[in-house]
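Going by the order they are written in, the chains are A, B and C; count residues from 1 in each one.
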Amino acid sequence: MKFPQPQTLKQISDLINAEFVGEPDFKILGINEIHVVEHGDIVFVDHPKYYDKALESKASVVLINKEVDCPEGKALLVSEDPFSDFNKITAHFSPFETSHQSLSNSAEIGENTIIQPNVFIGNNVKIGDNCLIHSNVSIYDGVEIGNNVQIHAGTVLGADAFYYKNRPTYHDKLLSGGSIRISDNVEIGALCSIDKGVSGITSIGEGTKIDNQVQVGHDTIIGKKCLIASQTGIAGCVVIEDEVTIWGQVGIASGLTIGKRVVILAQSGISKDLKPDTTYFGTPADDIRKKYRELGYISRIPEIIQKLKNL
Amino acid sequence: MKFPQPQTLKQISDLINAEFVGEPDFKILGINEIHVVEHGDIVFVDHPKYYDKALESKASVVLINKEVDCPEGKALLVSEDPFSDFNKITAHFSPFETSHQSLSNSAEIGENTIIQPNVFIGNNVKIGDNCLIHSNVSIYDGVEIGNNVQIHAGTVLGADAFYYKNRPTYHDKLLSGGSIRISDNVEIGALCSIDKGVSGITSIGEGTKIDNQVQVGHDTIIGKKCLIASQTGIAGCVVIEDEVTIWGQVGIASGLTIGKRVVILAQSGISKDLKPDTTYFGTPADDIRKKYRELGYISRIPEIIQKLKNL
Amino acid sequence: MKFPQPQTLKQISDLINAEFVGEPDFKILGINEIHVVEHGDIVFVDHPKYYDKALESKASVVLINKEVDCPEGKALLVSEDPFSDFNKITAHFSPFETSHQSLSNSAEIGENTIIQPNVFIGNNVKIGDNCLIHSNVSIYDGVEIGNNVQIHAGTVLGADAFYYKNRPTYHDKLLSGGSIRISDNVEIGALCSIDKGVSGITSIGEGTKIDNQVQVGHDTIIGKKCLIASQTGIAGCVVIEDEVTIWGQVGIASGLTIGKRVVILAQSGISKDLKPDTTYFGTPADDIRKKYRELGYISRIPEIIQKLKNL
């Protein structure tokens, strides 16, 4: 998430009431999670295990819960609770804005784009040319949609990430200040949910086609010309490369990478990165040849038992 | 389901055209299914297998399809078809009311609660303070929602139980006269469906967080501070105790109890009660250590076959 | 898909700019895919493997990408790209019509039918008597619904088939010109998606009850008095015969036939036709007795390993 305009270290320090290490007018462009952080951004870290990763990242400012040595060319924000401060910053620069009408005045809608009845389009949404948005679709604030995109009825673009920190007596929600980008020639079926990024962009690549009732988690990046069949669930922070085919009711755990041209058969459960140009099946999934061999072995158990008896 | 005001045995007997055993002015407070029945309620039973359970329950009146001895302090309603008569009573005291506008006049909505566009809020719905109801949400009549609750777009609260009696030529629906109670600090994702109770209350406990596309069946009770990930399906009459974590695409069959702090891994299928403080995986699910051992054993079959050959 | 009025071979040839073999005034009634084609229809075929099937089908006209001998009594349309020409014909006779209001003027709605708020009803939709359509339901153009049908909130009837031809640089969509027919006494839960047929009719038989979040693909035919539980996904072109019971989160692959009175247990994955009067379980699914035996065999592997050690 980039700020609407650059901030100084002093300004952010005042906003979250944190100590800072660095020049007061050190320029800050935005705030992002570690996996999408860029030069100019704040990154937050609250566990010693990840201190080095944050301090060595591309981030220009590290929001951290311990006073450590400040790497050269960077600045620090030292706070007792970086998670809460991340939320304060998100809430300040990306506050929720109530909508009073179904189609926001600040939405930009391209030529020859059809918006069917009962659609909700939030603030600052951008939709390209020649799109068709079917009835009862919900598009949250800030979502960007390219040209020649079709979205079927009831689909929801931009709900919050399902991301909580486990506090002793409650789940503390990480606010979502990110967004969604849908590229040209994408088609999304009915009743899909695609969550916005926490700080980054959930994105669907050019020409990808998604069937009904598919779930795509926050910050997930789906490549070009993929096919994703009905009721598949893709968690947050997944990377799906180009031309991947996913059949129905597949589940993919968070943070994984699915290589180019992978095919995942129906109902598979993916808990590891998948190699390109390979077909997978099962829960936990494996290369389909290995999986079929395994099924063959299981079917031979009665024969094994018989052989043992005959010995 | 409680009646708007107490009824007499005679009044209910007239309504459903059934014989009664007991004082005509015996007071009746409501009607409930066996698992939620309380003193003052009618319970219905139409299978001899369950007669004793109904007669010995907390129910004050038993609606039954055989004239049996009336337990002391109770009354009977004797009818050929208690299932249909249960429906007659539900339809009389909890009739469907058509809505002519998106936000019912009888709905009570708290302070600082935001209702986004295209939301439907039915009759007698109560929503607390500081809630955020996103676009295209549907809230059926009578649903109660606490404070600081967020419900994402497209979610449906209060559809009917999926509960049918198999008659020779058709499925006979048990009408749903119950409701839903969502406690404080709950968050529900996009495109979830939570069914109302048949006679009781489907309830979501304080601080529980539910991801997108989750299904919760009628009369299910979910405890406090649970996390339920996307595309999980929970059948009717399930009890989920506090601090349970359920990952994506899990299925839980009806009537089960999931103990405190249980963790269920993604895509698992639960067909038995689960013990507290344990992690489960698989379909049918088992303790994860047992399940991993099983996967290890399967991988050893080729070695077993080889050993047998070498003998 | 039937044309609004009969066309001649010459007219269609001009429309798609194809050569024709046959009398110019040869009468054509419609266009259909091979599995639903009837006398009077065009069928399309673009792979030599299926030429014979198309030429020997009930089709009166074969739209084909090679000049072959024309069977007696039939006609040919010869084109380089029958897939694209099928789309041209669909787009011409069944063009998408924008809706400017939630309830179309051309929709026919029966007596005592209740339409709750925020429902979208497209052009030429027909709904029978005594139906109840809950809030935020979307019904695309041309869908037909019988009497005494209840449809719960958020459900989508009539989104397009998920059907693409893999071209070198993009997925080419087969347009859906078919429709949906929901018979009398059907109940459909919340947030279900039922896709229209590509050229035929997706249909739900009399008295069938469908739970929440169920997906039904294009051209699928579901029989009478079936029960389909929550989160089940049924692909396109499936035939489900009468009185079938499907429990939650089941997946059924495209083109299969599920015999009468079959029971499919929860989370099963169906990749073969299923025989009538049988209960199935597992992924890939099998007769439940065989499947339980298999689970029993797996549990005996440790014992096998021990025996081998003792030899």
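In this section, a contact is a pair of C-beta atoms (placed from the backbone, for glycine too) under 8 Å apart; a residue touches a chain by one contact, two chains touch by 3 or more.
All values reported here derive from a predicted model rather than from experimental measurement.
Subunit A and subunit C carry the same sequence, and matching their CA atoms takes a turn of 120 degrees, rounded to a multiple of 5. At the interface between subunit B and subunit C, under half of the residue numbers appear on both sides, which makes the contact a different-residue one. Annotation: 32 Å between the Cα-based centres of subunit B and subunit C.
Of all residues in subunit C, those touching 2 or more other chains are 118, 136, 154, 191, 213, 231, 249, 267, 283, 298, 301, 304, 308, 311, listed in ascending order.
Those residues of subunit C that touch subunit B in the complex are listed here as 114, 116-118, 132, 134-136, 150, 152-154, 185, 187, 189-191, 207, 209, 211-213, 225, 227, 229-231, 248-249, 266-267, 283, 295, 298-299, 301-302, 304-305, 308, 311.
The touching residues of subunit B, counted against subunit C in their complex, run 96, 98-102, 118, 120, 122, 136-138, 140, 154, 156, 159-160, 162, 164, 169-171, 173, 191, 193, 195, 213, 215, 217, 231, 233, 235, 249, 251, 253, 267, 269, 271, 283-284, 294, 297-298, 300-301, 304, 307-308, 311.
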